[in-house]
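The same chain A turns up in both complexes below, where it pairs with chain B and then with chain C.
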Partner chain A sequence: MAPHNAQNDTVTCTIDGLEVTVPAGTRLIEAAARVGIEVPHYCYHPGLSAPAQCRMCLVEMEGAPKLLPACTAQAGDGNVIHTHSEKSLKAREGVLEFLLLNHPLDCPVCDQSGECGLQDYVAEEGRKMGRFVEPKRILGRDDFGGDVLYYGDRCIMCTRCVRFMREVAQDERLTVVQRGHRAVIDTFFDEGLEGSLWAGNVVDVCPVGSLVSKDFLHKARAWDLDRSPSVCPNCSQGCNISIQTFNNQVTRLKPRPNMEVNSHWMCDYGRHNYQWMNRGNRIEAPMVRRDGKLVAVSWSEAMRTLADTLGKGSHAVRAVVSPFLSNEDMGALRRVMETMGGGDGVYRVETGEEAELPGFPTLKLRRDRAANGVGAELFGYRRAGGDDGTGGLDDLAGHDDVLFVAGDEIQDAPTTFGEKAAVFVYLGHALSDATRNADVVLPATSFAEMEGTFTNYERRIQRFLPALQGPGMSRPIWQILGVLLAGISEKAAPATIDDAFDALAEVRDDFGALSFRTIAPRGTVLPGFPALSEAAGR
Partner chain B sequence: MAYPFVHPDETRVLSKHFGEPEARTLAGWEARGGYQALRKAVEMGPAEIVSEVKDSGLRGRGGAGFPTGVKWSFMPQASGKPHYLLCNADESEPGTFKDRELIRWTPHQLIEGCLIGARAINVQHVYIYNRGEFFETTQILARAIEEAYEAGYIGKDILGSGVDIDITLHMGAGAYICGEETGLMNSLEGRRGEPRLKPPFPAAVGAFGRPTTINNVETLCAVPHIVTHGGEWYRQWGTEKSPGTKLFCVSGHVRKPGNYEVPLGFNFREFIYEMCGGPPEGRALKAVIPGGSSVPILRPEEIDIGMDYEAMAAAGTMLGCGSVIVMDETTDIVKQVRRMSDFYTHESCGQCTPCREGTAWASRILKRIEDGWGSEEDLDTLLELSENMAGKTICTFSDAAAAPIVSSVQKFRDDYLALIRRGENLAASA
Partner chain C sequence: MAINVRTMKRPDQKSSYVRASLKGMALTFRHLVNPNKKTLEYPEQKPDLSPRWRGTHVMEQHEDGRPKCVACGLCPTICPANCIRLIPGEDDQGNRYPIVYEIDEFRCIFCGMCQEVCPVEAIHVGQHYENAEYSREGFVYDLDRLMSQKHESTLLWDPSDPAGE
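Moving on, here comes the complex of A and B:
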């Protein structure tokens, strides 16, 4: 028997021969996970209540008369648990056989194929041959509204979707109708999930291909997707996401769990707002103005030209940055500005109604509909313009200072914008009427095409990794400006993202305590300085 | 209107006044000694009532046979929040019709039992959950409750004792699973009738999240008698472990079907053949289900046993709620089992995979065998799927659904094989 703990706030039990000590009240499935044992499960989801109804997680406890559902049974001191004993394997094989009775086995046309709870567990623990010879029940599919389709025949009635809407979205739009083997999931009223900001999560929680996304329908096979950990760029919450791509195109965004930021969830606004990452009309090569015309040049020529121009004489600098830029990008521009003698920088951000997820209230679709407005503030950019993210450029438009526009396409700026500037540098993705006035145009990668960090509403610094290959000769802004800085000062150009991050300490002391590699997987909140005014509201 | 069949060897304690319409009225009930037990109970106080009921050895008549006094003692002392007593009048087990008769003929007996039960566990509110299809019964009970309120037996300051107890009558919507104690609680609260995971047990977290005790109608009807005469008196009947009398509902191939009240431990063969008249003239007994469709079937040679919890368990079946279904040699066992299986398929709440899918699958296999398309492997499949259903779900419905299948395949294999062979022969000759 395992030793008893002195205090009774922890218990020690043995799971498949491994001893594990967990806080009292820990469920067996979670205690098993601690020692790397996965107990197969369907209805259990770490972000939802556990009804113990799929009966998939049955495990054997020595001395207990019946198998126990590991998803609800709590670990007790001295318990000896076998998760893969003959009895529990037999029970789970039974459950899997039951689940497959009426299942259409339409994996070849099912979007879940390759990441399906049924496929995985049946392959691991299921029967090789089914014994069901009766005709299968056919339910067909149902449009649940919003982005969600329901394939009734694939449903295993785990009710995760119902519980998500009830417990987390707290907006009961799904329910089980009928009972027994006639039970199906259905919506109330015609609107169904239409208009729910959180409904996309039901597709994620569904362990099988029963709830699928219309947007993703038949677009790609799960095993063909590349997945990159990233941070949602679409508001200042900073939900952790996985950007999933096929042939260098984003096909969908999925939430990644981070209990300190977004739990297991993300909103549909962020989820479905990815088409811009796939845009085709990108600038692919650096351009400089020759005889009044922008002509494509090599990077070295572009950088040499720029360094030469900026190196001559001294000019006040003004800048516009996009709140979709990374900390490293914004910081690099700030360093350039300071090297040149300082100047005024602004950022503009579109805002909208805030919307809270009632079951995890620190997750909100935040007012700022861009990831890094707080980062912009930290690096000394001032918020300008209106709630729609336009305007506020009037006092920049006609200045004769050096003008940097980074990321922001300034679509709304007058066609004369920047004409009088001593030098007008545009670093971005595409040309607009106003940015066509630039003297130097430099193709920048988007956040999805590079490594970097964002600072969310609570000043949490979070890392993201590249998901796409940037077009043509595009480069991260921190890299471009690092080279420029080396050209106009004694400073070395950053070779890696680590260097770029370390250089941030030059413009903000508080970044000195961090390094790119030591940012926690859940992000690190920037330590010790007074709260940013309004930051919480963004 | 006399009660259809009464046998002189019966011991009619609870059913004494069946067939007497006046017993339904308050005046009629009082004239038969009604509400004297309540008077005694309010003076006795909770602890004394519980110990009297413990002494009597009364066991729950809803099916599981759990000792009632012990169950009552699980209730926490006053927690400052409401506690509840629920009376389970959902009576839906196929073959069961005793609670309906108890309510129809002696509604005040139940009301008195509820009040004493409430007093025993210190609750101020009793819900009687009536089966949805009990239209007449509900009317009779509703009328009786009104009368009892008017007479001051229910409500505030009962009989000037300072004790307040309300009774609310609630009608279900006709789902078998709402007779399962926690399914009933969900239904009462207005949720889907789905059994809850235990623990927590109802005495800790029950109806509306409060400590709750749930008792069957017949259980509560026995309580006034025990309070009046004492626990020892109740033990004059029955066996050491199964004391008292019990109503048995007899249906099927007997000459005198109906409710019979006999002491527990009564000889089963004698009961079927003597008291109920046995199968019709010239037909032999084929099978008996002793405790409702949810318990294993017995063969004729297995019925020389006592009708008590222990003897039934020793015979591999259960006393259940005392619903005796008798089948003679004209019965097609496979069809009967298929019929029962269809019932379970229809009534499974559908939460648990083994129950939801297993019931429906079993029904379809049984139907195929019945229609002549079965094979011997189907019998193995039936046994194995039943094994995968039993003991692996939230409530015991799944076990109940498996019981008739397993016991019939084991005990009446020849009946199955005959259908399988007949189908094979037909196919071969076609």
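Moving on, here comes the complex of A and C:
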């Protein structure tokens, strides 16, 4: 390991001819990543310790007698490093040839194909043809419990999964058994990974197709998927995720690294709770009640009808919002309510047991099992109902003026809900018994079909992008209500999400300091709440 | 009202059709007895196809009747006409196989890339050209149809030397 000047906080070294200054103690692989050089690696993972056992990241340092593993060697002042020199390429070619001794060439049936570390590095740096003619070992596959399936043949023994369970989940359930070419990963007890909330992450850390998700097994090829950066809607932690879709269907959710929120991880509750985004029974056209029946009409007709009814005089408004709505949706509804004379709004949220990831304690499966309960509070909605996200609608059910239900399907509400209301407007995804009483039904997009922001438990505002096409004529709620607001007041309708976000400043001053485009990639903590964001610090 | 028609007076040698008719008949007769004639009595006689003729597809199968396809998804990926629909799944023995495998032969441009890309040599273009159907839907060949095709598959390469060595 090269010496570095202990007095200085930073060191400057040269990697492949590019000079880089990094904090002292930075590992070479991370220093190289800073200047955009990827050193091939298997056992190294930015969220785990590095045992330097795969020997894949060997790089040449001028003056050093041997090649150094870039995942553990620290950058020193004045080091000159060649990551793709002849010597290191030859070493890596040898490592890859050894890995391919027993790794089956079953890429056509392997789920990892297309996003596989071994496939990529062999294509880049491996031999064109193997020289090994003896039969490969055959180990078959093993059900590890939970959502995880293990293909022993494909394993390259990087032990990332073992280290994830040991260091991050701190629930040691996996280990290496046997030695040499007979080594396999195995579970200690019969239950395996069953019941572990964080086990799904071992599938993500596996660089090859050895650990695969049963849920995703044979579902789609990696190269066919469309990936959209988004935010997990399933609890108030707000983990950064990538929604991966195929043919306009969500096939899986994967975590996106965000060191301030979820590091590289996400829980299995959020990961597997995506089927509702693919539901088929959605409302596709606006409907208005005529002669006691809901009739599908055009958007312009629906909005004109609604604006004509609501535009006259002042009303007492009551609203129910779903905590899965974006900030823009909730803010738009609050603006409509204030324009019409103000009123009371509630939201209901299902809660569950909190669960912490010991290796990254600020990542928890939070009590609120919805993304934007905090956003609802910020925009003046009151929490109602019980812990199962039902009830709390008694004083709204018989309200006799204007009633808005946005996003929430109110399936538990009595069938007489809203019958007495002068105007009952429902903006949502599907009709339930209670929402069939609505006078105007407007099809809304879900968070996966629109741009917007969520506010997480620490008031961090995070953007998400659309992953799916909304069904039929559905529109984002902020757009629907923005147009309605333009119809009943002098305000301009929002053309883009930027306008909708800027309009939030009307409801809350602290949003005025932000704009949609300037929200940081890692999310911006709402100014004015220093205590909270500090408390949430790592 | 009559139109004035002028009749051209030409010499008999130039206006006689006898000579031209005989000339045509001579040509016909020559073809009748020509030993090098190329005419094919089509429905009874079939032409010899080139070994690289690319016609409608054939799916190879294992001896127990399972398709050789492992549903890897390379043919729908490479297909320039986007005519292959594939839904992969797992059979009772844990093998990946195609639950749905359909080729729209109307969309297909018979480039043969599906055969070239197939890692298990399952899908082939065939040496076949008589594809009439009673309906348009009949041209979407499903897995059963592709496996029951009886015709020869195309040799894009020498079968004794598939890697081209």
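Rule of thumb we're sticking to: the second predicted complex is superposed on the first by the 520 of 538 C-alpha atoms of A that agree within 3 Å, B and C clash if a C-alpha of one lies under 4 Å from a C-alpha of the other, contacts with A are read in each partner's own complex, and residues count from 1 in each chain.
By our rule, a residue touches a chain if its C-beta (ideal position, glycine included) is under 8 Å from a C-beta of that chain, and two chains touch if they have at least 3 such contacts.
In this text, all values refer to a predicted model and were calculated from it rather than measured experimentally.
Chemist: Once the two structures are overlaid on chain A, check if chain B and chain C clash or fit side by side.
Modeler: fit
Chemist: Where does A:H82 make contact in the superposed view: on chain B (first), on chain C (second), on both, or on neither?
Modeler: A:H82 contacts neither chain B nor chain C.
Chemist: With both complexes overlaid on chain A, does A:L99 touch chain B (first), chain C (second), both or neither?
Modeler: Touch partner of A:L99: chain B, not chain C.
Chemist: Does chain C touch more residues of chain A than chain B does, or is it the other way round?
Modeler: B
Chemist: Given the touch rule stated above, what does A:R179 touch, chain B (first), chain C (second), both, or neither?
Modeler: A:R179 sits against chain B, while chain C stays out of touch.
Chemist: With the C-alpha centre of chain A at the apex, what angle separates the C-alpha centres of chain B and chain C, reported to the nearest 10°?
Modeler: 90
Chemist: Classify the contacts of A:M157 with the two partner chains as first (chain B alone), second (chain C alone), both, or neither.
Modeler: Only chain B; A:M157 stays clear of chain C.
Chemist: Does chain B (first) or chain C (second) touch A:R348, or do both, or does neither?
Modeler: A:R348 sits against neither chain B nor chain C.
Chemist: Could you tell me if A:K254 is touching chain B, chain C, both of them or neither one (first, second, both, neither)?
Modeler: Touch status of A:K254: no partner.
Chemist: Have a look at where A:E134 lands relative to chain B and chain C in the superposition and call it first, second, both or neither.
Modeler: Only chain B; A:E134 stays clear of chain C.
Chemist: After superposing the two complexes, find the smallest distance in angstrom between C-alpha atoms of chain B and C-alpha atoms of chain C.
Modeler: Least C-alpha distance after superposition: 20 Å.
Chemist: What part of chain A is shared between its chain B contacts and its chain C contacts?
Modeler: none
Chemist: Could you list, by residue number, the parts of chain C that touch chain A in their complex?
Modeler: Against chain A, the touching part of chain C is residues 70-74, 77, 88-90, 94-96, 119-120.
Chemist: Under the definition above, what is the set of chain A residues touching chain C in their complex?
Modeler: So the residues of chain A in touch with chain C come to 107-109, 113, 141, 217-219, 221, 223-224.
Chemist: Would you mind writing out the residues of chain A in touch with chain B in their complex?
Modeler: Residues 51-56, 58, 66-67, 69, 72, 90-91, 94-95, 97-99, 101-102, 131-132, 134, 156-157, 159, 176, 178-183 of chain A touch chain B in their complex.
Chemist: Under the definition above, what is the set of chain B residues touching chain A in their complex?
Modeler: Those in contact with chain A are residues 175, 177, 192-193, 197, 345-354, 356-361, 364-365, 368, 377, 381, 385, 387-389, 391-394.
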